[in-house]
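Across the two complexes that follow, chain A remains constant while its partner is chain B and subsequently chain C.
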Partner chain A sequence: MIATYTLCAILFLVGLYGVVRRKNLIKVIIGIAIMVQSVGLVFVVLGYSEGGVGGISQTMGLVALIGGLAVMTLMIATSIRLHQKYGTSDISEIRRLKG
Partner chain B sequence: MVAVNVLLGLMILAGLVALEMRNLRVAIYSLGAGGVLFIVISFLMGALEVGIGGVILVAILIPLLIWAVGRTTGEDTTARMRLEVNEIFVLISIVAFIVVLLVVIIPLFPELPSVPEAVEGPMGLSILREVLVLLAALAGVWAVLRLVGRRGDK
Partner chain C sequence: MLPLLFVVIPLGAALVIFLLSRVWERAGDLFANLATLSLFVISLTLVGPILRGDTFAYNLGATSPLGIHFTIDGLSLLMLITINLLCFMSSLYSVNYMERYTAKPRYYILLMLMIMGMNVVVLGADLVNLYIGVEIAAIACYALIAFGVEHEYLEASFKYQIMGTVATLCILLGIALIYRTAGTLNIVELYDAVAAAGGMGNPILVFSSVLFLGGFGLKAAYIPFHAWLPDAHSTAPTPVSAILSGVFIKVVGLYCMIKVFFSIIGLTPAFSMVLMVLGAISIIVAVLLALAQWDSKRLLAYSSIEQMGFILLGIGIGTPLGILGALFHLINHATFKSLLFLDAGSVETATGTRDLKELGGLNQRMPVTGVTTAIASFSISGFPPFNGFWSKLIIIIALVQAIGIGYPGFAPAYITFAVIALVGSILTMAVFLKLERHIFFGSLPEKLAKVREVPWLMCAPMIILAAVCIGVGIAFPWVIGNLLDPAVGVLSVFGLGG
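Now for the complex of A and B:
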């Protein structure tokens, strides 16, 4: 079980690496998607026993997935508008966010 | 559990490929492959609700991302692997810290029942919730303190 938790943590770190290190907006969204999936899996593993997965764990995992999906949808819309405004998806070149 | 661990390893691989690919369409397809693995893992462990949530996630997110790539740019020109030695050391240290933390913390959590016995929920989840609330409160305090500090600078 510890191995599964560790793999989930590594998956989360892979997503975090994408969010922190990648400069392309789409890659940042991909990183967040990986983090959301790892959080969903942690809830599944947390509630796992021989008889299946507990109801509360499943609900929390589902809420994490759906909430993450809502956030990512908003981020995709924002990234398209930013690309229209600045002509690039490189976040290091998008500096004039105010006004 | 071995099958789940192998699939998790493949998910990590798919995630790394998705983040390192220059071609964004290939990166999105790789993310989709990771999403399919997520669905398979959920169904293997008996989490039907989460599995269906994963299906919804993949079915909405992947077409949306492909549409976004069509509206913006198809290639990530900023993608280049340029990790310095100290950054690699920091990443290895973080992974080692999390592994040690999990090894210490996991035995403290009791085995969760498959069906919750009380309305309050299983013990482990209650503790997790409390820890999350505390962390959120600490983050809020830190943010407020930072704001006050900035005001003081002005």
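Now for the complex of A and C:
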């Protein structure tokens, strides 16, 4: 049980590392995807530890995945447009707003 | 049935606009305004029953934990009135303003979805609904910020998408941990369940409350988490900026934070201190950053962070007077900051620029915008008898009062925060003197000599909001008695001395 939670925590942190440190738009989105999956996994573990199918954790797991899917679709669409406008996928070069 | 209307009307309006816009281009203008107006009227009719002590509840589906539960109490009614008033004003303003963008019906559809998401957050009686509302409102909001599909819009939206998604994932993880420990997600049941699980003595609950603080703090844009706000709020289309600064950050950030730290975990001295420190830092840092801005909407965005600091400072005190001041400042900030954003949008529409250095002397050419901006600036800087004065005064009095009745040992902190709040209000005045001086006073530049006032449909929401600013300022005892007292009653039982 502890091992699975540790796995979730490691996945979450790996995703967060990708979001914070990577410069490529797509790699940032992959980081987000890993984080979404890790939270989904937390709900799977929660449902398992209740001894059977937990109603709420099942619902919440689905909600987490659907929410993540919606956000990621939007992110990928935005990143395509960003690449068209700026001609690069490097986040450090997409910097018009400052101050 | 009544609470369900706040979800069904915007959702239905989105569907009707989607279907009718193919045959009739202006369907969005009509139905969006009808929907927001009816929501505002319905929320106003609830004032009387709530004052008599009624609460409204609606269960969609089973009464088991899996059903959808909506409740309306004093606090949610206050938020509903604020949300729906401002959304009505913004949709009225959009009729002419959004002509510059293509695909106007889609804008209205996204706007309706955002309103629905915010209403769900406010109505939801369990954490699942809260999360779903936050996510719906956030996704609609990302798309609305990117609505212009130019360089800046996309960049601001992407930045907010990344930060917002990390925030919602933190919130979701917090919900998972609290569910594992307490075994329920219903907000009313959670208070006892959390206390039974050991409250703040339980390390898992401490960790989940830290996750909530980070997640909702990112959504509400307090100072260490604020990086996305100035970009997003200054580039979004103006009616959207008005909603974002006016209610969005309050509903998905602050309201949820209040729900978690008061109604679920219960205020402890440690959280009281954390909230007040976050608020005080936001006040000082954001007001200094606002002073340095030359883009009018960016200046207003930084000023929003500062005013949110005042609200958090008041909430953090935890006494009934502090909560009253905070909630009063919340509705006041919603009115005058939306008004200021609408004014900045009007100036941009008329002159084509937001750069303060290129503007000047517009009072002669744009009287309505000039007068309404002056009223809003007086309100936000805290001049009597405008509404901002009373709420700031109540927060400072509450800080002084807390020296006697607050947590023991916090007296030096209360004095420091009261001084910070005073200095913050004086610096706010400087920020808005700068705004007024560079846009409306001084000499009119040559190329602006032919500027004309914006159409009446854009002036009308500005005039109404200015009237609300003055009206609430003059009739503040009535507002406190009828709207705020029921809301404070909901929270103060969980606060200090409750």
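Things worth noting here:
Assume the second predicted complex is superposed on the first by the 93 of 99 C-alpha atoms of A that agree within 3 Å, B and C clash if a C-alpha of one lies under 4 Å from a C-alpha of the other, contacts with A are read in each partner's own complex, and residues count from 1 in each chain.
Here is the rule we go by: a residue touches a chain if its C-beta (ideal position, glycine included) is under 8 Å from a C-beta of that chain, and two chains touch if they have at least 3 such contacts.
Predicted, not measured: the structure shown is a model, and the values here were computed from it.
Once the two complexes are laid over each other on the shared chain, residue contacts for A:G55 go to chain B and to chain C alike. When the two structures are aligned on the shared chain, A:K85 is found in touch with chain C, with no touch to chain B. Set against each other, chain B and chain C differ in how many residues of chain A they touch, and the higher count belongs to B.
With both structures placed on the common chain, the touch criterion links A:A70 to chain C but leaves chain B unconnected. In the superposition on chain A, A:T6 makes contact with chain B only, not with chain C. By the touch criterion stated above, A:L46 is placed in contact with chain B and with chain C alike.
Overlaid on A, the two complexes show chain B and chain C touching the same residues of chain A, namely 25, 36, 43, 46, 49, 55-57, 59-60, 68, 79. Chain B makes touch with chain A in their complex at residues 1, 4-5, 8-9, 11-12, 15-16, 18-19, 24, 27-28, 31, 34-35, 38, 41-42, 45-50, 53-54, 56-57, 60-61, 64-65, 68-69, 71-73, 76-79, 91, 94-95, 98-99, 102-103, 106, 111-116, 121-122, 124-125, 128. Put simply, chain C touches chain A in their complex at residues 64-66, 128, 131-132, 135, 138-139, 142-143, 146, 149-152, 154-158, 161-162, 165-166, 168-169, 172-173, 175-176, 179-180, 185, 230-231, 234-235, 292-293, 295, 298.
On the side of chain A, the complex with chain B involves touching residues 1-11, 13-15, 17-18, 22-27, 29-31, 33-34, 36-37, 40-41, 43-62, 65-66, 68-69, 72-73, 76, 79-80, 83, 88-90, 92.
Across the complex, chain C is touched by residues 12, 16, 19, 25, 28, 32, 35-36, 39, 42-43, 46, 49, 55-57, 59-60, 63-64, 67-68, 70-71, 74-75, 78-79, 81-82, 85-86, 94-97, 99 of chain A.
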